[in-house]
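The following pair of complexes shares a single chain, chain A, combined with chain B in the former and chain C in the latter.
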Partner chain A sequence: MSNNKVVIIGGGPAGLEAARTVSDLGYAAVLIEKRQRLGGTPDEEQYAKLTHHFRDAAEAMDEMVAAASGPGVQVLTHTQVTSVEGEAGNFRLTVQNGGAPQTLEAGALILATGFKHFDPGRETQYYNYYTYPDVITIADLEGMLKAHKVVRLSNGETPKRVAFIQCVGSRDRQIGNEYCSKVCCGIASKQAIEIRQLLPDTQVFIFYIDMRMYGYWENELYWPAQEQYKVNYVKGLASEILAKGDRLLIRGEDTTMSRPMEVLVDLVVLSVGMEPSDGTREMARLLGLTQNKYGYIAAGGPGGLDPVATSRPGVFVVGAAAGPADMDDSIATAGLAAARAVALLRRQA
Partner chain B sequence: MATNAANWNPGKITDKYPGVPYEEKLRLFAEVKADARYEDYLYGCYECGICVSACPSARFYDYSPRVIAQTMAREDVNRMYEILVEDIWNCAQCFSCVRCPRQNSPGGLVTLIREIAVRNGIKETRDVLQGYSRVIYKVMLKGNQVSPDMLQPDFFPDWGPWVRSFQGNMNLWRQAIPVDSLRGVTDAAWKTDDQTLRELYTIWFETGNIDLIAEIDEGLYELLLDVMEEALEDWA
Partner chain C sequence: MDAGLDKVDRILEKETAIIDGMDISGSWNRMFEQRVIWDYTPELIEKITHLPGGESFGWCYQCASCTPVCPVDMVGSYGPRRLFRAVQTGVDLFTSADLWLCTTCANCLRVCKKEVDMVQIMPATREKAVLDGFVPEELQKAFEDTAKYGNPLGQPQRKRAAWAKQAGVDVPIMKELGRGVDILWYVGSYPSYHPRGIDASLAAARIFHALGVDYGILGNEEKDDGDSQRLAGETGLFEMLAEHNIGVFAQYEWNTMVVTGPHEYNAFKTQYPKMGFDRPLMHYTQFLAGQLPKLQDLLTHSLPLRVTFHDPCYLGRHHGEYDAPRALLQAIPGLELVEMGRCRENGYCCGGGGGGMWLDSFTANHTSMRLSEKRVMEAAASGADVLAVCCPFEVSRFEDAAKNTGNGHLRVLDILELLDMSMRGNGY
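Up next, the complex of A and B:
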């Protein structure tokens, strides 16, 4: 007799959507989150607006939390999974939430443990992130945008010129992250628009290798950023950032104009990419799941066409735990995994 | 003084016209942007290069329609000034560049900028146009600028496979065209009819453009004046 419950590990957008859908399909969901709060990285990192549709991030996460808070979902916050035994249909989990370890049973597991932002100081001092206070990341900038106050951390002044540098920690064999992080082009363009809205006299540059504005991001973000907000896209990455007086000198090549490029700016924003979160790596190890060379959970199944299948039957992966994902990807895979998990329970009932 | 991070500047970004005050460049830039046609000619540029690959001038001259759109979109005032005094005269105004997927018209921008360069009597505009005396001569006397003898088979494969044989037998083909204005003509696109030339000459006199040529190239001015006045008298 198999268990009729689906346990979802991770309370970010993907986990919330998976829990909500399992419950909507009439099965019991248990949502486990190690933080005290649900909402995942958008909540933890204080995102201002989501890239798609410029939605207020807090408001959007509140909606998702509310949708996943029906009677069919048991939420366990501040809880960590410490061991998993059994197989598809009959998993037995040990969880820890401060008190004595508890045991949970589940027919299927959905992993929604997500990503973390690339740390520009992880291996080498990328662009002097830890040296110059006016070199920040897109995650840092989200916090400033949320507070409606974009300033130079060195002196509290409004920046006259801001430069984004794309692909920091992505598409880089030297640091081992050869993949594209998929969302940073959209995020930088969104943030550039927000800066131009907040500070109309501030010039904004985006230095890039390729702008990857797939689908509707082209017409919703890239073109408006250029055409309405006069954001300056320059194809060419900075090799280094130097302090010059109290400003920062960016050195690079303006490749399409065939000329070297030096721009003095007040604030540099590093478009850091995604890496598997610590939780993703830990759960992969705990569950014995195959990981790809970057540490993400290998997904796709034998035929490559099942984006939520892992190497272990009955364990599904959603969102950025399987690789760089935007909000749409996370929600779409969450719905698919919920369907797959419920189908498994029904087959085994 | 030792080079350090604070004073380091290899000076590779050169403003080609440092003698012209930035305010003057900005004024000209604003004049271009204020033109009523501007917003229909430039949306934004993602630097795909379609305009360059379609552009005959980019093959024959040191010219890039992409740089025109890109410079305006980036609001690069110094580069725009360079365009205003140099690049614009390399454009043949054929408007092949309007195939731009963003619906920009680099050739339209060139039209605007040319007008502004001429209206403002920029010294370099006169100097640059001096080098174009032959083009002006050709346009003035033939009524057009691009001619069949410029047709090169390897330059534009999209013109079709017949280009090679046409080029090899150009005289024969042109002799065979049963149209008076085209028959045997290889050094002009077509033989412009007298009525059109008379109107063109009249326009050049009436608008004062011929006087501008006098400032650029007196020899050319005299030559054109002779031919044009004589023709106008004959027709009268």
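Up next, the complex of A and C:
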């Protein structure tokens, strides 16, 4: 007799959606989150707006939390999984939430442990992120945008000119992240629009290798950024940032002009990519799941066409735990994993 | 200088240069083009995109589809993509020579995925430059002549219909006719005054007569349509001319207007309607192609000529008419039509549009070769004896170009002239 419960690990968008769907399908869901609050990275990192329709991130997350808070979902916050035993249909988890360890039983597991932002100081000092206060990341900028106050941290002044540098920590053999993080072009364009809305006199530049505005982000973000909000897209990454007076000199090549550029700006925003979160790495280790060379949980199944299958039967992976993902990817894979998990329980019942 | 040229600022030096009689050849005119981009100037882009009509200048995402099809890029460094970057890196288009090189031929717009529309951007930007007094001298003269005489050639208004006396057939003038007509023939400035334009007008008069067309011309009541002046930035002058012409058109009874020139066609089709004029309109090739069964019977003499046809930008790309001129050429017995590589939708511009007609020396100073010369060389390479045209700007441009490029054997003839020759059996 197998267990009729699905345990979802991780309370961000993907985990919330998975829990909600399992419950909607008439099965019991247990949602485990190590933080005190649900909402995942958008909540933890104080995102201002989502790239989707510029929705207020807190409001959107509140909606997702509310949708996953029905009687069919048992939420365990401030809780971490410390061991998993058993197999598909009969998993036994040990969880810790401050007090004595507890045991949970589950028929299937869904991993929604997500990503973390690339740290520009992780190995080398990327663009002097830890030296110059006016070099920040897109994650830092989200916080500023949420507070409606975009300033130079060096002196508290409004920047007259802001430059985004794309692909920081992505598409990079040297640091080992060869993949494209998929969302940063859209996020930079979204943030550029928000800066122009907030500070109409501030000029905004995006220095890029190639803009990867897949699908509707092209017309919803890239085109409006350029056409309505006059954001300047310049092909060619800045390769170094130097202090010059109280401003920053970015040096690179303007590739379509085939000329070097040395331009002064007030604020540099590094479009940092995604890396597997510590939780993703830890759960992969704990569950003995195959990881890809970048540390994400290997997904796809033997034929490559099952985006939520892991190397261990009965364990499914959703969202950015399996690789760079946007909100659509996270929610879509969450729904699929919920369906797969419930199907497994029904087969074994 | 050998290696490392790309590491230093570019040295520019004209071997021979004489300015105002002073010889400043060689090192005396040495200039350095700064290599490093020190600053970006989005504010210069916004100066253009803030103008009504200039909005799409800022839409370019640098795909560069426009560059290979831009006729000016073939004789220089040009195209919307390059202009966008030039302005973003410090060139003020309002005072730059680049402002005057675009002929509004619309080949870039044909391939532009973002619909960056130079046909709107250029007139909007030039209008501001004209108001600020930044206009090349020769263009300014054409504006002034048009304002003063009603035509850019600076010819007297009262002699606008003088050509008609040589036709050998009656050319009815509306004011004298005292009745309505089926076809109102708007002759246009070059066909009224330029010697080679007059040749085409005379041929048209003879063809209309032979076909028994019930038509009339406006004589010295007609003024230049003003469209190319508008595209060159003189909106006020255009509106003045349009107002005058619309008033004259309204004085008479007629069914359909036939124009000799594609630029006039564009004016009356796309611009005059904004001022209230909206009547049936045809380019002469369309009108005569419609008369073909009857016209065919008149084309009794064989013309054993290899002919290539130059699509006018403002008939082809701007208004989609590629077939009528060809139908007329193919109706001429003995005539063999050969196509140039760049034809129809991708036709190469003669350089005369958008004010280019009155910027010949200016453009020649800023490009390696005139567009008309480039085009004539293509025509000669096609093996044709005759370069056939149906835009009054082109005959004189291409004839000069044929001589300049050593292709004097290539005859430049309006389709009207070819039809007239076949009808009368003389002239070739």
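Please note the rule applied: the second predicted complex is superposed on the first by the 349 of 349 C-alpha atoms of A that agree within 3 Å, B and C clash if a C-alpha of one lies under 4 Å from a C-alpha of the other, contacts with A are read in each partner's own complex, and residues count from 1 in each chain.
Here, contacts are C-beta pairs under 8 Å (C-beta built on N, C-alpha and C of every residue); 3 or more make two chains touch, one makes a residue touch a chain.
All values derive from a computational prediction rather than experimental measurement.
Overlay on chain A: chain B and chain C clash in the combined arrangement. Legend: residue contacts after superposition of the two complexes on their common chain; A:Ser311 is shown touching neither chain B nor chain C.
When the shared chain is aligned, chain B and chain C each come close enough to touch A:Asn232. Judged by the touch definition given at the top, the superposed model places A:Pro260 against both chain B and chain C.
Residue overlap on chain A between the chain B contacts of one complex and the chain C contacts of the other covers 211, 222-223, 226-227, 230, 232-235, 256-257, 259-262.
Within the complex formed with chain C, the chain A residues making contact are 203, 205, 211, 222-223, 226-227, 230, 232-235, 254, 256-257, 259-264. The touching residues of chain C, counted against chain A in their complex, run 35-40, 42-43, 45-46, 49, 55, 58-59, 61-62, 64, 81, 85, 88-89. By the touch criterion given at the top, residues 5-6, 8-9, 12-13, 43-47, 66-67, 70, 73-75, 79, 102 of chain B touch chain A in their complex.
Chain A contributes residues 211, 222-223, 226-227, 230, 232-235, 242-245, 249, 256-257, 259-262 to its touches with chain B in the complex.
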